[in-house]
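Paired with chain B in one complex and with chain C in the other, chain A is shared by the two complexes that follow.
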Partner chain A sequence: MFRPSPSLQVRHPDLIMDIFVQQLVNSLSVASVTILIGIGITLIFGLAGIVNFAHGEFLMVGGMATWFMVGTGMNFFVALVLAGLLVGALGFAAERCLFRFTLNRPMNGFIMSIGLSVILQHAVIRVFNEFQKSITDPVGLVWTIGGVDIIAMRAIVVAITAVIVAITYFGISRSRYGMALRASVSDRDTAELMGIPVRRYVTGVFIYGSLLAGIGGALMISLFPITPFTGSVIIIRGFAVSLIGGLGNVGGAVVGGLVLGLVDGLSAGYGYPEWTDAYSLVVMILILVLRPQGLLGGTLGPKAS
Partner chain B sequence: MRQLGLGLAVVAAGLAMALQTARADEELPIGVIAAQSGSFVSAGNTIVGAANLAAQQINDAGGIKVGDKTYKIKLYIRDNRTDVNVTIAAARELVNDIGVKAIWGTETHDFSVSMAKITGPAKVLQFSGNSSLGAVLDDKAVAEDGWLHYTFQSEPQEWQRSGSTAKGVLSLLTPQLKSPPKHSVVFVGNDATGQYLSSHYVKALEAEGQKVDLVQYPPDTTDFSPLLTRIKGMKPDIVHFWYNGDSTLTAFPQALKLGVAPSYFLFGVDPGIYQERSLKADVPVTMSCVPVCWGSSPYPEVKQYFDKYFGLGAAKGPQSSVSLLYYDYFFWYAKALEKVGKIDDPDAVVAELLKSDYKGVVSPVPLVFNKHHQVTFATEVCMVEPNTSDKFKCAVEQPPAAPPPGDNGG
Partner chain C sequence: MPMIDQSAGKTGGAPEGVRPRDRLALLTADNAAVPLPAGVQAITAILLAGLLIALPWLGLGYRFLSIAITTLYTAIGLYGLGLQFGQAGIMSVGHAALMGVGAYASAILSVQLGLGFWTSLPFAMALSAIVGGVIGLPTLRVGGQHYIIITFCFCALFVIVLTNGGTFTGSATGLDVGSVTPLPGINFDKLSNNYYLVLAALFLALAATYLIGISRYGRTLRAIRENEQLARSVGINVDLHKLGVLMVSGLFAGLAGVLQLYYLRHISPTLFGAFPSLYLALMVMLGGARYLYGPLIGAIIVNFLPEVLNLEPVDARIAYGICLLLVILLLPGGVGAGIKNIYLAIRGGLETQGGGSNGRA
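Then we have the complex of A and B:
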């Protein structure tokens, strides 16, 4: 096997601190999109009890829809909202037509979602084509502060993610809806006897998680090109984030995303670059061995009844 | 009775005419195995596009005259779903059930090698556009009793392509930089193809006097900023984005924003795509196609080819030029069949291909197979003027005569 050159390390000492700070900034932006995907998965997996492997394709559809709308001349931020609503509607259709029939058999839902992911990939290829899609950077600015480059659109993505995290966190932990939802996860039968419309809540969580995937796809295409197969790559990280943090735990998804982002950024900068993915997955395995409930604790995920 | 006799005569005449028509339009079954779904679809679809165009042109021109018969090509196209097991199943079906005479495809080394283990024993010719086949096409493998006797590599050997590309990149970039470039970083995906291809390209750059660092990234990476920041710290004169056009198109805009290097080379990115995406850089950027570019070709016959190729509905993508690794060989194969005068003598066809040449679209120099069943042609490299998306200057540097020091040529 051809080995990397031994001179891979930074050879200019004056750059060392700038490069280190740049890697920390990179880690934050790497984490932000992952957190958004992780929150959607952690809600649907941890609270609604549905293992939706097509969640990555929902994100991809959001990105493709954004590409199409921006291509017609629409403002990116308007397209972002519409992409979220479109994928939310897709989530509603998927939950009503498919996943609601598998609530008592999560494994059926899991297999069904794999089929759905392949169907969505090929539907997008059929409607558009197989090639990568990209849009022009909606902001197009780079701020240089003390030798560190901060790409403006990445900063906006971090800010949007922070707002969504805050809304979701307070919605789940403080609102009546959130409390009822958590009660129905703890004991579905008792929650139903108390008059909580559990099925409707599951649908609501699925729609909200899908909406986040749509927004995540729109934000992703503002940073990177996407292909019909982008979702199947990103989904692994989404599940890793939700499991590291603790299923159903929004704060956990944030911590999980930051951990993976930091490991990615620093390992790419200072480790063997070709092993970047392996480092973060090793961290995930270690955390799950040492804290099976995730860093911040969560639900046990879907249960067959 | 007379009426019955007349009727029988009419039926007999009709049958004779039908037989005559059938004889005039005999079918030559040819297989195509390519990824029409899965992760290699953008390369796979170009094989299908090239095959459809070539078959249509040959058939419209009257078909292939072999002995006293005329054959029309009938394509049997199979989607391998970017899966080696599906590829093997498709090859078995085409060879054993349909009885194709030759197969075009596939797009990756290990798939092509798996196919060759089926086409070889059945004496079915195989044309595969993988430079990495050079690792297995040796004297023993291509001998008459060898397992690759019927396999042809329709892309140049990697040291030739790497040498042609390195010379083209440096000849275009050197006049644009304040001082001659000395330090190159090759940035490549860490998969089997990336490892194989980059090993030759690094040697080619070193042969041109470059000090080279190799940085590999995990396949399917989307956020390249941490890796690019690392490269920026190495202060390169040129960053060469090697091998995977899609990954390059993801990484390159990130590199521009981070100001990673004073110049870049993008392998497998067509000027047409650069223009379509309105990419702009304030530093010189070169790019190369596999093998010639549809977005800015110096050859009129290449332009005509792509007009017809896209005219059949093929999408314009970064890898559309890959279709030219497959197109010419339909005509060359047809010419060999006509010369041999039989379609059921694959050994004679192989011998004819090895002693003949063919002036195709892919190269102004006639194509010739060497003793290891490999062709040679140059790779086109183009440079876009800084701050523009559509002003290109292109160069075609012929491959070196021999592998560079340290490159075993495999």
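Then we have the complex of A and C:
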């Protein structure tokens, strides 16, 4: 699904370095979407204790909503914000109506999220259709920096992701809300006794993660065409990213996303593109088996029951 | 998962003066461990077997019988999943891939070496069991959701490998096989004979599940499910038991896969991908993994629901999803639990009226 853009064709066979840089920028923009979904999953899985298999579908719904809104003539960046809010609201509804009731039975919550993902996927097919959707490049500029062509939209995607990552990272590690959140993860009962509204925090984290998925979906459709089935592919990458980095660890998700995005982007450019999806799967299985707590360490997620 | 055995004795009968809310709780309770009287078990088994055997004679048509065959071979795979999840508590969302291992092994043996149904069956089942055990190795280190994610990865990887496997695996188009080698006097090209073949395999799976459930082995698995540390500390070789049940589950999956292959005569990677796997998980949850007839009930509901309600495939999948949500929220033990609890409640009510003269088994 992640193909190198047409601008990456070899024009000067001797300028291998230029092509490498282009591939790098390309990979970074791919990594951005992966990082956004990875952060959402790492927060929801690691901090709220919910394994939401429908998270990829949330991203897909965000992308489809953006496609629809841009189709009605709306500005892409307005549509991006609206898609984020829409998917955030979807997350709120899902948490209140479904996951709230399975907080102490994570396995049931997991199975339920599979049901939710099936519903969302086919609801989108029902409302639109199963064919792939794309929008025209909302910026439509190409910057040439030192002989390297960079598609402006890709750089903007990277920048937006960087801002979101910074906000999330400092929100979790520095603000009192982040501190309260981490307290409720390490000891829910004590945190509750200290007057932290743990349930509300769980809801809050779920909404925030969903919002990121919505924005990720909007960014994704600005780079690649998406189909109603995109969600079930991207979810695996999201889990890979969050598990590589360590659950609940925002920095880890960024590292995981970069590693995976680069491996994907470069393998699509240089290696065997038909095996691209397999790399992330193999990496994830290895990490899960060898270092279940992730490379950078994190929570082990909700206790299995 | 709640502990089941302490409450087992008193959840069966409704004490006098229970509030309606408590009655609802009686329905959602997990009574999988409550033994039913041998007579009830035998009557249920005979009625069910009679119905299944008589099915082709009821004149329900070709389409109905086809769906019935699909339901039955799916149910065989589900009994493996039901065993590993219901008894040992190891859930998998990559089970269709395990069926695919069996199906592809049999198909490749047929294409490359010309082996027929009967000769390739043991190899395919053995391979599925081995693969099941190998995928199961991570369960020794990680549990719960981590393992589920691993199985999902395996499933996705399996499809990628099949799709990139060239002519050996038939790539995206898949492989074709001939029909089941006829036994003397029985030609399996006839749909009803194919039905009986699958039905016989289902009876085997049911019998195996029943025997494992009542055996010492089954009790050990349940002990591991409820408290792994405790099981380990009383000297149970937890690792060996876990791998063992996953291999048994793989055997069932292999059998189901080969039956599927020889019913469809053509297989392709998408049959064994993420979606079919998720539906297997859905069916086993829907029916109730801890109940003997749970997986069968789940397979029947999911396969016949679109037919009964006359749904389009897309609507049917939305309906599956909604069913799954409702079952998890309202009936966490599955439909099997609901049926058993209704029976227990009725029997409990009768007992209260009759002064409790019927001794409980």
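In this section, the second predicted complex is superposed on the first by the 276 of 305 C-alpha atoms of A that agree within 3 Å, B and C clash if a C-alpha of one lies under 4 Å from a C-alpha of the other, contacts with A are read in each partner's own complex, and residues count from 1 in each chain.
Keep in mind that, in the parts below, a contact is a pair of C-beta atoms (placed from the backbone, for glycine too) under 8 Å apart; a residue touches a chain by one contact, two chains touch by 3 or more.
Here the structure is a predicted model, which is why all the values come from computation and not from measurement.
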{"item": "Fit-or-clash call for chain B and chain C when the two complexes are aligned on chain A", "value": "clash"}
{"item": "Which superposed partner A:I19 touches (first chain B, second chain C, both, neither)", "value": "first"}
{"item": "First, second, both or neither for A:I151, with chain B first and chain C second", "value": "first"}
{"item": "First, second, both or neither for A:F224, with chain B first and chain C second", "value": "first"}
{"item": "Residues of chain A touched, compared between chain B and chain C (which is higher)", "value": "B"}
{"item": "Chain B versus chain C as contact partner of A:W275, first or second or both or neither", "value": "both"}
{"item": "Chain B versus chain C as contact partner of A:I125, first or second or both or neither", "value": "both"}
{"item": "Touched partner set for A:D264, first chain B, second chain C, both or neither", "value": "first"}
{"item": "Partner chain in contact with A:I111 - chain B first, chain C second, else both or neither", "value": "second"}
{"item": "Colliding region between chain B and chain C, picked from 5-13, 23-31, 59-67 or 347-355 after the shared-chain fit", "value": "59-67"}
{"item": "Residues of chain A that lie at the interface with chain B and also at the interface with chain C", "value": "121-122, 125, 274-275, 277-278"}
{"item": "Chain C contact footprint on chain A (complex, rising order)", "value": "45, 51, 98, 101-102, 105-108, 110-112, 114-119, 121-123, 125-126, 232, 236, 239, 243, 274-275, 277-278, 281-282, 284-285, 288-289, 292, 301-305"}
{"item": "Residue ranges of chain C in contact with chain A within the complex", "value": "1, 91, 93, 137-138, 141-146, 148-150, 152-154, 156-157, 160-161, 163-164, 274-275, 278, 281-282, 285, 314-315, 317-318, 320-325, 328-329, 332"}
{"item": "Complex contact set, residues of chain B against chain A", "value": "37-39, 41-42, 45, 190, 195, 198-199, 202, 212-218, 220-223, 225-227, 229-230, 232-235, 246, 249-250, 253-254, 257-259, 277-278, 315, 317-318"}
{"item": "Complex contacts: residues of chain A adjacent to chain B", "value": "1-2, 4-5, 7-8, 10-12, 15-16, 19, 22-23, 26-27, 29-30, 33, 121-122, 125, 129-132, 134, 136-137, 142, 149, 151, 220, 223-225, 227, 229-230, 233-234, 264-270, 273-278"}
